[in-house]
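Letters A, B, C and D mark the chains as written, and numbering starts fresh at 1 in each.
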Amino acid sequence: MRYENGKVKDLKIAYIGGGSRGWAWGFMKDLAGDDEMEGSVALYDIDREAAEHNAIIGGKISAHPDAKARWNYTVAATLQEALTGADFVVISILPGTFDEMESDVHAPEAYGIYQSVGDTVGPGGFIRAMRTIPMYVEFAEGIRDYCPDAWVINYTNPMTLCVRTLYKVFPGVKAFGCCHEVFGTQKLLAAIAEKELGLENVRRQEVKVNVKGINHFTWFDKVTCRGIDLFPVYRRFAEENYAEGYEFGDNNWMNSTFASMNRVKFDLFLRYGAIAAAGDRHLAEFMPGKLYLQSPEAVRGWKFGLTTVAWRKNELQERLARSRRLCSGEEPISIEPDGEEGHLLMKALLGLHDMVSNVNIPNHGAIANLPWDAVVEVNALFSRQGVQPVVAGPLPGNILPLVARHVYNQENALQAALTCDKTLALTTFMDDPQIDLNWHDGEELFTTMMRNTANYLPKEWGMK
Amino acid sequence: MRYENGKVKDLKIAYIGGGSRGWAWGFMKDLAGDDEMEGSVALYDIDREAAEHNAIIGGKISAHPDAKARWNYTVAATLQEALTGADFVVISILPGTFDEMESDVHAPEAYGIYQSVGDTVGPGGFIRAMRTIPMYVEFAEGIRDYCPDAWVINYTNPMTLCVRTLYKVFPGVKAFGCCHEVFGTQKLLAAIAEKELGLENVRRQEVKVNVKGINHFTWFDKVTCRGIDLFPVYRRFAEENYAEGYEFGDNNWMNSTFASMNRVKFDLFLRYGAIAAAGDRHLAEFMPGKLYLQSPEAVRGWKFGLTTVAWRKNELQERLARSRRLCSGEEPISIEPDGEEGHLLMKALLGLHDMVSNVNIPNHGAIANLPWDAVVEVNALFSRQGVQPVVAGPLPGNILPLVARHVYNQENALQAALTCDKTLALTTFMDDPQIDLNWHDGEELFTTMMRNTANYLPKEWGMK
Amino acid sequence: MRYENGKVKDLKIAYIGGGSRGWAWGFMKDLAGDDEMEGSVALYDIDREAAEHNAIIGGKISAHPDAKARWNYTVAATLQEALTGADFVVISILPGTFDEMESDVHAPEAYGIYQSVGDTVGPGGFIRAMRTIPMYVEFAEGIRDYCPDAWVINYTNPMTLCVRTLYKVFPGVKAFGCCHEVFGTQKLLAAIAEKELGLENVRRQEVKVNVKGINHFTWFDKVTCRGIDLFPVYRRFAEENYAEGYEFGDNNWMNSTFASMNRVKFDLFLRYGAIAAAGDRHLAEFMPGKLYLQSPEAVRGWKFGLTTVAWRKNELQERLARSRRLCSGEEPISIEPDGEEGHLLMKALLGLHDMVSNVNIPNHGAIANLPWDAVVEVNALFSRQGVQPVVAGPLPGNILPLVARHVYNQENALQAALTCDKTLALTTFMDDPQIDLNWHDGEELFTTMMRNTANYLPKEWGMK
Amino acid sequence: MRYENGKVKDLKIAYIGGGSRGWAWGFMKDLAGDDEMEGSVALYDIDREAAEHNAIIGGKISAHPDAKARWNYTVAATLQEALTGADFVVISILPGTFDEMESDVHAPEAYGIYQSVGDTVGPGGFIRAMRTIPMYVEFAEGIRDYCPDAWVINYTNPMTLCVRTLYKVFPGVKAFGCCHEVFGTQKLLAAIAEKELGLENVRRQEVKVNVKGINHFTWFDKVTCRGIDLFPVYRRFAEENYAEGYEFGDNNWMNSTFASMNRVKFDLFLRYGAIAAAGDRHLAEFMPGKLYLQSPEAVRGWKFGLTTVAWRKNELQERLARSRRLCSGEEPISIEPDGEEGHLLMKALLGLHDMVSNVNIPNHGAIANLPWDAVVEVNALFSRQGVQPVVAGPLPGNILPLVARHVYNQENALQAALTCDKTLALTTFMDDPQIDLNWHDGEELFTTMMRNTANYLPKEWGMK
């Protein structure tokens, strides 16, 4: 990597999970659309064929007549090959397959536990962590050995535990995690500001927020837009729209598993006094199961969707088909940007343009009443100096127990995964607020789910 | 108060709740049985007649031919009168009546929530705190104004919040809380040491423990007896006796609401690796309701008792009758000691004999991973220098979330009580692990219970 | 204050020390040169005439044909009048007169103690603090009573103690302190970057720094410019220029009491491995007296100047004369900007343009190994959300004792000033690294200096 | 080691520095005089002959007709042999010879720096640390490898750094350091209590103190005796005796290098408000050199002695002669106890008798405003549970900078010694309050002293 006339040349990016159908294409377009960086991307994926397809697609994107920068896409045969010499490492993988995820999300339903996503906390998130953490141990060791100075950007869930594992295994790692859930809440606030205050064309970035919490369970305790304090505006809006919900975006929540009517968000605000800043599907999972996820009927009442794995499997087929079409040229390449920030954060870290955005990163003072080293989500200043979180301030007393509970559980989950400690894993599993079972049922569910993911667990668990 | 030949004369004790039938008499006997202190006790009680009866009984105890010290018992008309000039303040009250307690304990049963004690955490403990905290605000202000240098010993539940309130209102207070639950576990361990190791006549005090946690949810992570590490002994014993339980003491658990078969204690040990050190009835209440308190049948399976308020009311009648008999002389006075430590702690604080015992006191370094100022239960050195907690060390990672959750809730409960904040009170109530309800049911129960205790709530709550 | 088309109207600024000749004029010009804010400035000064002159000058600046914004300048008769309704409070005063400062700076010379500035630490800084803190107590009380929501910007030295006093007296204050010393080091680094790397037109703001420390004793542990790490460049430069020094700026150090040859800065870097980021005159005063201030000869060897108060008095005469000329119109008004950032920080806080700059503010996590409430200097994000320090990270182990010593002394100085505690004041005075005296000489010097400033001390000191 | 009828048999003690003439003999007598422990002591010393002599002397002491316990004394050929199987490790060595110590203490005199002991802080203490730390690295590794569960008691100076090194190298070590300086101040207070209050036969242990600080610079902020607060008594006494000093003990300070008139102690009390609790010779060395150690004349004025190494060398000859006499039987063995507590602490750790005493141990909450892991001196409860410091509370604000400065320097000294970092070593050396030199003189002195101890430094220093 080198600087040339205020631009960066020969940048080397290692992309772990480089066979991704979807997120990868957006990233490739973002790179193509930016004339300040050029270089190469080494795609690494355990599904090598997928990486090869993406190398083809990446090449087409880079060769697009409207592309402002040329990027070279290669396939790396091994993790070592991908990482060696990398300036940036992007990690965006699916840990296991949708079969494992099917168990994560749906096995608990037999015990009356309904999950809306199942990849972060709750029984699904926990089991997913058990199989993901060993993968991240391997990534961390690889980064330590082959590119210790590289910046590492994680997009995989469970976000918090992925980032925490990297730091636990290689404390010198320069890693952080990015998630767009906060953006969604900013967009909602922008829409409310327009609607309530008559403002026009409010961009997401104009909604300034103080972010604090953990991934998918972040909170805003200050929000302003064009100098105006949005808290009283939001309060009024939440009160008025609480009962019916507020449909935001172009998808009706009844048709989409991602949309919602924001009733959970409004409910949390009216009860806790701060703005919960993630999709309702995520937020609901951090709270006790009885509150928002008591039953499919209750979920319908709260007007958000349960994302089934059947839906995911189906949607994957569509993406696979599209991958084939893009490779073959059947579908033309377009390079409109996708609104993710990954490439902008890279540019900031390269010293091209400082920026402030939310990030998942170890807590070294940003939130004084959460433990040192816990991975938290806060705003940070991105610059050539690195990622410097702003001091977000302590969590309010009423929100602290909600968040801290997960922080402690996540640390115990990490410990259990690293040591294959079944006793610790079970008690941690049982402490999740979604799990409201007696010991007998809890152990039964735990064992079932662990067995269902046993292909991805270290043999020390003795789960096969 | 003055020192004379290594003894203390003219000691002044203020006894708030001095009309107590039961604990007060034991305390009076302890004072009478100790020849190193003499002085007077000012009994203050909102039931003045009860205090007057106790003054009579105290006088009889002090006049007993076997008494080693003379104490003068008076009735104080006001809190101010009781406190003025006091060297020690003992607080042991019943906050409200058994009618309020009946609601605390039994109202939640309509929602499937069964409580074994209902005075510490859970819905009952929370509501009890709401009416007790304002009383402790008054006590704290009185101590600040009339005897700021006095030592204050609290025996009332909810212990943690009573002590916390005193410090919150008057940060200079020299207060701590005493509870005998830890003693019970020491006695159990002594019995196990005798049974398993063939030791003889093991006194409770010989079972050395490292205490950490919060009142009624304390844990031992080290236990020795006569130089021997009891952990492996206890582990073996717990494994062997887990299924059937171990009957300890002279009461069969089926006949007594206080006895238990220690199955909860064994279960917690086998799952968490440290010794939970309180009666099973208390321990069960700190854990999620489904684990040990799912239903009366489940409780019977775990082999401990639910303490009904009907039982308490009945037992009070017996104590009232005994009070009358003692006053009238119908029942003779005996002065055998009762095994409580209150008077010994007083002597230690007066510089007569240093001692180490467990105590409830603000956390100023004793447990590094609990918040500063939280009231914790740890061992402390009692001496003329004051009460100095020993550094108990951090809570183990797996136990931390169990305890911290209550610590946070207690702080929020205090805040809610001091500000009569219904929203905060409800969300705190809902965060209790015993309460597994949806918002609708939770609010309904909360409102019912608050109304039932409204006689003792500040009018700002608007609950009447 | 109100928002109108993305601009701010009717902003109210209270200017304490509004009679300032110099800094005030620059501020007025900055206001006039910016078209995004308009409003009024209430000038308050104990020298009312000076404030009146400045109101005239302010009026002329605002009426200048090139002015982009109209500001109304008034004179406030009282502190209360100035503060009432203020959106911003600017404090920039001279505590006492140059006669007091003469004692601060020169009285210690009789004891072999030479000070280069004498307004921050050392004997001069300490005594100055003793008379300044009571003034800031009054300011803090006024702000609390008349404009508790206003932003308060302090420019007065001793910076750290001024800001600390505001927070100590009124914990809710929204205050911070601004200082341009860091800018000077950025400019030096820009010059070095141009010289050594062949870069062109490097603006100060392009030199990105991680700031940590306390005012006038700040350190950079990361510096980049246009993506390039300047640390190795600076190391080479410091090694090469250490012996002779490097003349930076247009003033030869021998002619100017403000210029220096940066030998102290280079020396500190080579010994401590981080870039000390203030003028050499300031830096030298934080280190033991023998190192850089042993004697006038030694100072000449280190090639920086001792700022005499005679020089200051003389320079004041020039500024007074200029004030008269500006008032009378004898000297025409020009409105070129002066490079200070005050008005830009205001705009950021009003939500107009976020920015990052260094600031003096309570440490609430920004520097993990300095005390919680200590006022530190770090970068902060300025926005409508307020001033959020970035997590600067702990001070390096070798620099920690140098900085922490002053932090502790400053806290003790505050305590001594608030309580007029002579014993504490003396021991704090004696702990300053510049003061290398035995108790006898130390007490003598302390008493002399306190008497010399007695006009500005509370009578409780008994110094008159 | 095993328990038998409430006693301990087969205890294994490793004694590093087992050739000691003096302290070892007292320890042997203490063991002989106690009937609750028996076992063997493996003496290890780089001076093997000295260890052999001590084995003979130990055998004689154990065989004394009045001995209550039989101990077997052997000589270990290697550190590994000594440590293997040890239950306790005692470390009491002279790091280097008196020739190195001669440089430590006296070389700085050429620069006007006079040291009263020279083994803890100051130039002598620093250089001594540089050669001692590598030895303790070896001890720590040996303990980790051969007896990781053993209790380790250190008596060597610099105490703080010896204990800190053990924990740094082997974080699992169960080590603590013992020092009798606190006892001396307790004895002084006992004498004052007798003199001023007419008490009789006050034993040292009856003077209850709250200990806080670091070794040789400990402070009492509470002192009571038989229930009486000694602070006002001590204040009056210090005021009355400040000018002339108070001769305590049987040695006139003019004849003894260990006695003093306590003027430093009184002076520190009157200035800082807490009781400095070590000999004046030690206390003086922690303060800036000008205060108590400005010159030999000044020291005479403060009425304490400078301990010359010539005196030490001479006194060693006497001890060597005595060793020969004891070995040969020329001098009869007596077994009166010597008042040290080592064997009592061992018994407490074995569970025989709990006790509270002062100890040097990592700070894990005992002193909230000193860094975690810093080795501090506080009271601790010794029991079979281990060494549990009591929460001593924060250092008072005025004393904090005095102590913290040394804490930071000690950590930097450790770092410098472990990495042989000359730059860090020099700046740390220069930050010592006794060293008031310019850079030139400081570097010269540092280099001279390091060269003088080069025989004991790792070759990485390049000092030979």
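By our rule, a contact is a pair of C-beta atoms (placed from the backbone, for glycine too) under 8 Å apart; a residue touches a chain by one contact, two chains touch by 3 or more.
Not measured: the values here are computed from a predicted model.
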>> By that same contact rule, can you tell me which chains touch chain A and chain C alike?
In response: none
> For chain A, which other chain has the most distant CA centre?
Replying inline: D
> With chain centres defined as C-alpha means, what is the inter-centre distance between chain A and chain D in Å?
Replying inline: 55
> Where the centres are mean C-alpha positions, what is the separation of chain C from chain D, in Å?
Replying inline: 46
>> At least two partner chains per residue is the criterion; list those residues in chain C.
In response: none
>> Following the definition at the start, I'd like every touching pair of chains, please.
In response: A-B, A-C, B-D, C-D
>> Could you list, by residue number, the parts of chain A that touch chain B in their complex?
In response: 267, 271-273, 288, 290-291, 294, 298, 369, 371, 397-398, 400-402, 404-405, 408-409, 411-412, 415, 423-424, 426-428, 430-431, 436-439
> Which chain D residues qualify as touching chain B in the complex?
Replying inline: 3, 6, 8, 208-210, 222, 224, 226-229, 350-352, 354, 356, 364-368, 372, 379-381, 383-386, 388-393
